Amino acid sequence: MNTITCTQLPALFQAVSLIFNEKKIELCDMDAKVGDGDLGLTMSKGFSALPALLQANRQDDDVGKTLMKAALKMSSVVPSTMGTLMSSGIMEGGKTLKGAKEIDATGLSAYLTGFAVGIRNRGKCERGNRTILDAVGAAADKAAELLANNPAANLTDIINAAVLGADEGVEATKNMTPVFGKSAVFAAKAIGTPDQGAVAGRYMLIGMQNYICRYFP
Amino acid sequence: MKKVINNPQDYTDDMLRGIYAAHANQVKYVESDLRCYCVANKKPGKVAIVTGGGTGHLPLFLGYVGENMLDGCGVGGVFQSPSAEQIYNISKEVEDGSGVLYLYGNYTGDIMNFDMAVEMCEMDDIQTRSIVGADDVNSHHDLKLRRGVAGIYFMYKCAGAKAAQNGTLDEVLTSAQKAKDNTRTVGFALTPCIIPEIGHSNFTLADDEMAMGMGIHGEPGIWNGPIKTADKIAEESLKTLLDDMPVASGEEVCILINGLGATSLEELYILSGSVSKILEIKGIKIYRTFVGEYATSMEMAGASISICKMADDEMKQQIDMPVCTPFYCQK
Amino acid sequence: MKKVINNPQDYTDDMLRGIYAAHANQVKYVESDLRCYCVANKKPGKVAIVTGGGTGHLPLFLGYVGENMLDGCGVGGVFQSPSAEQIYNISKEVEDGSGVLYLYGNYTGDIMNFDMAVEMCEMDDIQTRSIVGADDVNSHHDLKLRRGVAGIYFMYKCAGAKAAQNGTLDEVLTSAQKAKDNTRTVGFALTPCIIPEIGHSNFTLADDEMAMGMGIHGEPGIWNGPIKTADKIAEESLKTLLDDMPVASGEEVCILINGLGATSLEELYILSGSVSKILEIKGIKIYRTFVGEYATSMEMAGASISICKMADDEMKQQIDMPVCTPFYCQK
Amino acid sequence: MNTITCTQLPALFQAVSLIFNEKKIELCDMDAKVGDGDLGLTMSKGFSALPALLQANRQDDDVGKTLMKAALKMSSVVPSTMGTLMSSGIMEGGKTLKGAKEIDATGLSAYLTGFAVGIRNRGKCERGNRTILDAVGAAADKAAELLANNPAANLTDIINAAVLGADEGVEATKNMTPVFGKSAVFAAKAIGTPDQGAVAGRYMLIGMQNYICRYFP
C-alpha cells in the first residue's frame, strides 16, 4: 500500500542522513561564511543518529508518537540552533500524526505543515526572516496546495511538490536580510547567497524524496 | 594553541571531571551525565533556579550554582547550548514543588533548548518561568535583541536572594526582571581566544588594537582601533552605558569590572579606579564594586563594565546577601 | 604591550587607588602612603601578620589582608620590594601589643627591607618574628635558597587562623613554619608577561613551547620544550613534588592549582582533574582542593601545582577556617 | 681644617650622585646582562635624593646621626637590593660616627669599615660571594691598613687608598660566581665580567674621592 509505516521510518530518515553526509562540507563552508561553520557537522550528526533513535523509541505502531519521542532524543545529540529546530519540526510534525499507524499522502502533507509550525514556534520566526522556515514553509504550502487541488495525489506527488516549494523558498532567501543567530551579525555578507539553514531544510526534503520515489514510485 | 589540556574533544568533560573531583561536597551531576550540574544539597521547598549555556565562560555559568544563588546548570560544549533534555533532567532534580526559574543568556540556541525544556516540564506539571540576560548595550539597539554578558551576575544575585528567602516563583522572576531592567554592560576585547576543537582564533587584532563592543564569542564590535588608556575606555564606556540607561546624580549603582580571561586583576582595578573617578564627578554613588573574572571567554584579553542601578532597598539587600558556591563566595 | 592602563609609571598607584575606592570599608592606607596597605578594622590584641612584595602578582600579596588572614601589606613597585619604612609604618599601625609576624617570599630585596623594618621595630620595642615562603622546588635544590611562590597561601591560611584564635607570636610563627615545612610547589609558564614601565617581555617561548620550573618573574626553569598535555604535566609535576617531599598512601594533602594570569579556569580544572586522578591512584587522599588565581604574574600564561601535606588536625582546622578579604572569601 | 662637617655632607654626596648620573647607562647595561637592568636607575635615583635628605634630616651637628637618618630615608626612595644595601652601608657607617661633629681621616676609615659591615649584615654575604662587598670591603681594608701604617694620613690619602682597594676588589669579582639575587640565575654568564654591584660600590667611592680631592687636596 502507498503509506509509510512505523517499520519504515528508520529507512526514511536513513535516506536523509545519506544526503547530509554528502553535503556536509558544502553546508559547513556556507555556514562558515556567515556564522560558526558547524552546520554540516550538526546536520549529519543529528540525522545519522535518528534512524537508530526511531528504532529504539518505537511507540507501539504509532508513527506520530515514535517521531515525537525520537526527535526529542535527537535534539540532545545536536543541541545547536539548527539541530534543535530540526528536532522541533519533527516533533510538531509527529504531533499531527499522533495515533496514526501509517503516513499517507494527507498525513505527509499534514506532517510537513506541522514541521513548519514546529520551526516557527521554536524559532519565534516568520517567513521572510531568512531562515529554514522560508524553505520548509514554502514546501508545506506547495504540498497542501497540491492536495487541495488533487485529493488523489500520492506520497510521491506530495514530496515532489514539497521539494519544488523548497527550491523556490531557498531561492527567495537570497534577497532576505538575516535577523537571527550568528548570521545576523554578518547581515551584509549574506545578501546574494541563499540562507544555509534553508538549504539544509531543502536537503532534508530531498532525502525524504529519494526514499519515497524509490519505494512508492 | 597554547592550552593546558588533553584531547581537545574532551575539553568540556575533562573540565567537569576536575570540578566534580574538587568540589564533591558542594555539587553533583544527575542521570550519569556530567553536563547535568546540580547543587549537592538543595534547600527544600524553595523555588529552583536553573541556568545554562556553553562552556568557555567560567565562572559563568555553573560557577554560580550554590548557596543562595542557583540550583542547577545545563553545561553545553564550548560556546554551545546544553540540550533540552539535560535542562529538563536538572529541573526534575532540583525542583521541589515551588517551580523553576530558567535564567540564562539571550542566545538563539539556548532559548530554543530552554523553551523545549519548558514544554517537557509542562508535561510533568512542573511550573516554569523564563528570563534571559540581555545586558550588552553595544550588541543591538533593540533591548530584546541584545546578548547577555556579565551583567547576568546581578540577575543571579537578586533572583537567588529572593528564592533563598522563600519568594514565590513569580516573585523570584520579578527580582530577576528588576535586576535586568537596571543593568547594562559594555565590553571590549584586546586579544581573541581559541576554541580547543578548532585550534585557531576566529579573529585577529593588531598588536596595538582593541575592539570596542566585541561579544564574548568574538562577535564584531562597534569599532576596532588603537588601544586607549583605561581612563578613556572608562569614559567612552560610561557614556554608552549612561546614554542607554540614565542615572541621575545622587542615585546609587553597583559596578562590576569583569575580566575576559587574560587581563590581569591589576588592570581591572586600574579600570575600576577610572570608572569610580568619573562616577564621583557625576555625583553617582557607588553602592558596591565588584572586580574580577565573572564571565570570561577562556583566554581572551579584555574586560567589561556593568552598571546595575539600585532600584530600591530590597535590591540592595539582595546584592548584599552572602552567597557561597565553589567558585564564588561573598560575605 | 596590550594593557588596560594609563601612564605606565602610575601602574602601581592607579591600581591601589582602584582597590581603595572599591573596598573602602575593608582596607585603608596609613601615613598618606598608598603603599602602606592595612586592614580597616583589626581584631584587637591579636598577633599582627604583615606581608609584602612587588606588585604584579594579585591577589598576592595584599589580597590576603582581611578577616582571619593578614593585617597589612607593604606594596612595592612592579616586581620590587616595598621599603623598610613602609613595612615599619604598617607594623606600627596594625601591631597591638602582641607582636608582628613578617611573612613574605624568599627574595633578596624583600628580605633586606623586612630585616631593616625589624630593626626599626626593635627601637620601638615592637616584637617581631620573620619567616619566608620558599616553596618552589625547581628554583633550587637547597630548601633555604628556594623562592616563594603560590604555596605561601597555606602559610597565610595557617598563620592567619592561629592569630585569629589569639595564638601567641611564637605559636603563630610555628603554624606558619609547619605549613612551610609541608608545602611544595612546581610551576610552568606558557607565555611571558610585560612590566608596564619596560613595555616588552623579558623572555620569549615559541608558539608550541612551555617552560617547566620558570619563576614568576620569568626566572629560567629546568627545561623549555614542546607543550605537554595536562595529564603529562601533572605527572611530571607530581613526581618532582613527591620526590622532594614524600607523601605516603593514606596520608592527606591539600592541592592548590594556581593560574599565573592568562590561563583560563577551564584549563586549571582540567589540570586539577589530572592531578587528582594521579593522587587517587597513589592512594593519597585529597583533603581540600583550591583552584583559581592565587599568585599570578600579570598576564603570564601558565600554572603552578602546590601540595600541602596535612600534618595534623590543627592544620586541617586552620585550612578550614573561614576567611574574608576583598579578594578572597572562604566559608 | 681637614675634616668634613655636617654642612658639607650634602656636597660630598652630590659628588657621588654626579658620577652615578654619568654612569647610569653603563650600570643598567651591565645589570641587564645578568639581572633586571635597573641598577643604574636606582643608584642615580637614590644618590640624587640623598643630598636633600641630608639637608632636611640634619641632626644638630652630629654627622653620624645625620648620615643614619638620611640613609634610612634614602632606602625608601630606592628599596631595590642595591638601594637597600647602599642605605644600610651608610647607616652602619654613620653609626661609627655617632656623636662626632666632623669626619677626619680616622673617622673616614671607620666609616668605610662600618659601611662594609652594614653591607655584610644586610646582605648576609661574605667576601668572595661576588657582591658590592668585595669592592667596599677591600676598600675599607686598604684604608685601614694605610691609617695603621701612617697615622698622619689625611682624608685624601684615605679615600685614595679606598679607591685603590675598590679597584682590586672589582677586578677580583671577575672570577667569582654569583650566589645572590637575580644574577645567581645567570651565574655562567657572569664569569669574566666584574660584578655590577661591586662596580657601583667603586663609583660611589670615586664620587667621594672627587669631592675630597677637590676640597682637601
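By letter and in written order, the chains are A, B, C and D; residue numbering begins at 1 in each of them.
As a convention for this text, contacts are C-beta pairs under 8 Å (C-beta built on N, C-alpha and C of every residue); 3 or more make two chains touch, one makes a residue touch a chain.
Computed from a predicted structure; not experimentally measured.
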{"item": "Centroid spacing, where centroids are CA-atom means, of chain B and chain C in whole angstrom", "value": "29"}
{"item": "Centroid spacing, where centroids are CA-atom means, of chain C and chain D in whole angstrom", "value": "34"}
{"item": "Averaged-CA centre spacing for the pair chain C and chain A, given as whole angstrom", "value": "58"}
{"item": "Touch-based graph of the chains, sorted into line, ring, star, complete or other", "value": "line"}
{"item": "Every chain pair meeting the contact rule", "value": "A-B, B-C, C-D"}
{"item": "Contacting residues of chain C [partner chain B, same complex]", "value": "2-6, 11, 14-19, 21-23, 55-56, 58-59, 190-191, 193, 207-208, 210, 227, 229-231, 233, 261-274, 276-277, 286, 289, 291, 293, 296, 298-299, 301, 303, 324, 327, 329-331"}
{"item": "Of all residues in chain B, those that touch chain A in their complex", "value": "76, 79-86, 108-109, 111-113, 115-116, 120, 202, 217, 219-220"}
{"item": "List of chain A residues in touch with chain B within their complex", "value": "36, 72-73, 75-77, 79-81, 84-85, 87-88, 122-124, 180-182, 185"}
